[in-house]
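Letters A, B, C and D name the chains as they come in the text, with residue numbers starting at 1 for each one.
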Amino acid sequence: MKFYEYKAHEIFRKHGIPVPRGVLAASGEDLVDPPLPCVVKAQVLVGGRGKAGGIKFAHTVEEARQAARAILGMRIGPYTVRQVYAQELLDIAQELYLSITIDRSARAPLLMASTRGGVEIESVPPEHIVRVHIPPLVGLQPFVLRNLAKRLGLPREVASQVSDIAKKMYALFRGEDAEVVEINPLAVLKDGRVVAGDAKLVVDDNAEYRHPEYAKLPQDRTPLEEEAHDEGITFIQLDGDIGAIANGAGLTMATLDVLNLKGGRGGTFLDLGGTDDPELVKRAFEILLKANPSAIFLNIFGGITKADTVALGVTEAIEAMGADVPVVARIKGVNEDKAKQILAGAGMHSVGTIEEGAELAVKLRRAA
Amino acid sequence: MAVLLDKSTRLMVQGITGHQGQFHTKAMLEHGTNVVAGVLPGKGGQEVHGVPVFDSCQEAVDVTDANASIMFVPAPYAKDASIEAVESRVRLLVIVTERIPFHDTLDVVTYARAKGVQIIGPNCPGLCTAGVAKAGIMPNHIFTPGPYGVISRSGTLTYEIVDAMTKAGFGQTTCVGIGGDPIIGTSMVEALELFARDPETKGVVLVGEIGGTAEEEAARFAKTMDKPVWAYVAGQTAPPGKRMGHAGAIIAQGMGTAESKVRAFAEAGVPVAKYPRDIPELIRRG
Amino acid sequence: MKFYEYKAHEIFRKHGIPVPRGVLAASGEDLVDPPLPCVVKAQVLVGGRGKAGGIKFAHTVEEARQAARAILGMRIGPYTVRQVYAQELLDIAQELYLSITIDRSARAPLLMASTRGGVEIESVPPEHIVRVHIPPLVGLQPFVLRNLAKRLGLPREVASQVSDIAKKMYALFRGEDAEVVEINPLAVLKDGRVVAGDAKLVVDDNAEYRHPEYAKLPQDRTPLEEEAHDEGITFIQLDGDIGAIANGAGLTMATLDVLNLKGGRGGTFLDLGGTDDPELVKRAFEILLKANPSAIFLNIFGGITKADTVALGVTEAIEAMGADVPVVARIKGVNEDKAKQILAGAGMHSVGTIEEGAELAVKLRRAA
Amino acid sequence: MAVLLDKSTRLMVQGITGHQGQFHTKAMLEHGTNVVAGVLPGKGGQEVHGVPVFDSCQEAVDVTDANASIMFVPAPYAKDASIEAVESRVRLLVIVTERIPFHDTLDVVTYARAKGVQIIGPNCPGLCTAGVAKAGIMPNHIFTPGPYGVISRSGTLTYEIVDAMTKAGFGQTTCVGIGGDPIIGTSMVEALELFARDPETKGVVLVGEIGGTAEEEAARFAKTMDKPVWAYVAGQTAPPGKRMGHAGAIIAQGMGTAESKVRAFAEAGVPVAKYPRDIPELIRRG
């Protein structure tokens, strides 16, 4: 789960991490009493706001309102800006970087920091990034902060504030089931205070059940993805036109790869997982059809999944929607032959391998 | 011999009375697995396909001497059930459950190491030592005994590849589904180390995918092995920033791309298949 | 650190564990409004209060005051009762047992429970005691409580209260650095509530610095032991008459063993540890002399400890106190010869082995 | 070979600039130990007896390839320093510090196991492989190389016994001071297992004391060994309920008595010395 900046700030504040004052607005008029001077920022879930013109400065209420009006309604990436956040302009002396993520190989949280904040961390040379692991289960020990402070080489007063913020970030990381907590820039102000200039937070989707308050927050999903998510279906919309549906994440990825390698362009990642519930298969297909694919390639390698039940769901969905999209199916597994019959009865094409299926789907796709 | 799973494995099934638990217990028994116990709190005293059910892992181990466990327990209860298994002194724990919060997995994996328990998964299809025993959910019919190990981050894609191997006459020692989550108990390189030491295994097939650096680490290790390794990497055409089904399958901050993995394999002299079913052809070439 | 019952109750209460109402009193008059009916209990740090007459029942305020007067001033073991605790009499249906201690071999906290509470747990047959470990670092997981409940075979309503109390006990065990948390009996009342009928708490002495509020509480130390404790000297008074002083816990124990095996009776356990600070040695000796030993056996096997510095402290203390107790010294280590000279100069006896020293000390001891 | 400590040990000293740290660094160097680094936050760049001091364990290990550490750090900071050592990837950590709260030790010992780090102590005199290397505080002069292992819960009492062995001509492989706390990183039986596997060690002396059941467990294991074991137990005349100096030395609830330990040794055929200096005589009898 990703969070709008203002929401991330709110959660940071809850954990005692200093963030600038700010107000949220859905219209210029909403900005009655913004902190001044301020920076008015588009609230979108993608990066690159600055370049797109989604960040503006204001010294008066009227300027702030103008900025808000200019930004609201703007398109940034796939999103239309619906809200802006007017945030106290900080008087920054130095920009640092601080984050906690997960290091898969080390199986431990990773604390990263740099005195070269304010830019994308990927663009900072590795020798200017301090990386220290946080021991799992025992948690953040003083030595981690000691090493961080020493290697950053910050003055004592700044270092102690950074340590305090790092400690609170780790509490947030654990307490909120975060995948990423990032402050960039972590601003050292001219008056000596250290404040989170920006706040990035990504929470583990799998921990949604522990944070029902987050479940309702808007995510960077397309409307169709949102619909699928609500039904518990793993569905991602991609740039291409051929609908790919398979069972299992790896096989779905491989199916898309083969489609693309055969000259097609995969337009959906739809993973049925282990399900053969005909109702769910039907719903998944309905969502897929709404994406208006030029062809559909269904690739099932069944373990438990019953191929015939899947086939039934598919044919029912196509029939119910009255869709005339070409469907190529490659089904292996339980009741394979029965599935082929059902599909053939509905005018669909059965093939033996992924490659054949991909080739046929590419060949049969309708013109856009 | 094979790895992790053999005739001496005495398997316990946590969550045995559920739909999945019952189904796979039957399939594991059919594969010849010595399934000695099932666990579900409150269902002690029942039987599932002739396997006695206990209220706790400890009772199951005390009575049946189970030394391994496979877990079909919903994600919110998975941490509890995993620690319970670890405390009951099994040596191996296969966690099939998907969608476990990774902070929970982190705790479980760390504690299991303290207790010397090997964890496979979570979010994995488990283990199968062809024709000997299965602690997993793979279809039995795709396996045939032979000298090749398989390590995979994926489920059905592995079945696809194992099926192709079997049809081409390349049988398997053990197939290890390590799982698709960012934090897993046994990494690709750790599984590869096991195969490197296994005298029965003559070569290893790696089924990787985008996300993380597991393939790169495995490639570095493969270079030091005196057995051939072959690989397939899923997600070669996946767009960055999208989580492709598996929690671990994401290209983020330029990390975890298929190109990086394919390059690492190439540098290590590990042939990479273009299509999944090309793996047998690569093995044939040696 | 041990705790008086009333103090343990207070700490249990802080952690949300249900305990009976009660009031503390240092005189009969203090008992203005005791809960009625009540049980009036001597507050001492040893067991066996009941047998000694230190527990009495009362149904009226006057009875409670009489009970208090009867108990106050009583001697129980080595202690004079200075305070009583008048505690609400519980209407008990069943007495359970619940404790958390540390299992050294398993390197884990051990939760023990029994449906046969109310008696010393050592007298309960092992098959009636449920023992479940609590995984360190990860802490008390639901399965531990599930197993506990199942194996105790309690009705659901009782089991859920016991589980809740066990959870809070573990929080107390960790949070208060406890070695032992024990509730015996854990009372199931006739009205269905589960209440801690008694509360035993022992806190790790080594964690005193984390709990300065406990450092001031009275402990089961003799006045001399208290004096030594305040100076950071490890000193225990025993039943015998010969003062044993050595360096290192194991060697001090062995020295006492040899004294006892040679027909003597060790009267003190005084461990100098690694110190050779002459001031501290002098203070240790002064405390030892206050115990009025019939002879003193000093046994030093020096690693870092400088033997001559120790000898100097010893002679100074003896001189300052004007004591004429026979001192036998066996010193090995740094500056051994110099130490012997110093001791000989002060009329003390030097020997080569523990056995010789012990024999000589037994021979030279003054009549009591 | 010996156990735990040999010529390949590259030792780091945590808390090297303190009085104890400096003194024992010198003594360890004099014993031939390869002391490669010291650590004390804020003192990086200094030297102690020619040993370079670093601000953190990680720096020390990165620069010097230290693979073991000995810790002289006050109890309130011991947990932090121990976890720091474990994270720095040394394989062995000797904790000399006494009076560490046992809840801290419990965390440290559990985490160290997860990371595969062997902990000796806390509250212990450390290790000495006679004439080869020392990671401890025992006096150098009492040791002489030979074929006998020593395991002890005590400090000075061990010196007493080792001194007697040396004088009687019974030299030592390694002396392992496991420590006097209730929770320790390496138990008596675990140390005994190491000696059982060490080809250079021909017999083992155990120095036990009252409290706990370490001696009983060691006795049971000794029965399975094909090397002789001899024992001494301190506190044979100690009264119950009193904590005899060591945090772990207490007879509580009838547990941990000297009688129980002596009986266990007798049952295992392990001769028990009446007086500490009787150990050489027992060895002589074989």
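Keep in mind that, in the parts below, contacts are C-beta pairs under 8 Å (C-beta built on N, C-alpha and C of every residue); 3 or more make two chains touch, one makes a residue touch a chain.
Not measured: the values here are computed from a predicted model.
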| item | value |
| --- | --- |
| Comparison of B-C and C-D by number of C-beta pairs in contact, larger one | C-D |
| Where chain B and chain D are represented by their mean Cα positions, the distance between them in whole Å | 40 |
| Distance from chain C to chain B - Cα centre to Cα centre, in angstrom | 52 |
| Chain A-chain B separation of Cα centroids, rounded to whole Å | 27 |
| Chain D, residues touching no fewer than two other chains | 107, 110-111, 114 |
| Sequence positions of chain A contacting 2 or more other chains | 137-138 |
| Contact graph of the chains (line, ring, star, complete, other) | complete |
| Residues on chain D engaged by chain A in the complex (per definition of touch) | 41, 55-58, 77, 79-81, 83-84, 86-87, 107-108, 110-111, 114 |
| For the chain C and chain A complex, residues of the former touching the latter | 137-138 |
| Complex contacts: residues of chain C adjacent to chain B | 133, 135, 137-138, 141-143, 146-147, 150 |
| Contacting residues of chain D [partner chain B, same complex] | 110-111, 113-116 |
| Chain D residues touching chain C - in the complex, by the definition given at the top | 20, 23-24, 75-76, 99-103, 106-107, 109-111, 125, 137-139, 152-160, 163, 180, 182-183, 187, 207, 209-210, 212-214, 217, 232, 234-239, 242-249, 253-254, 274-277 |
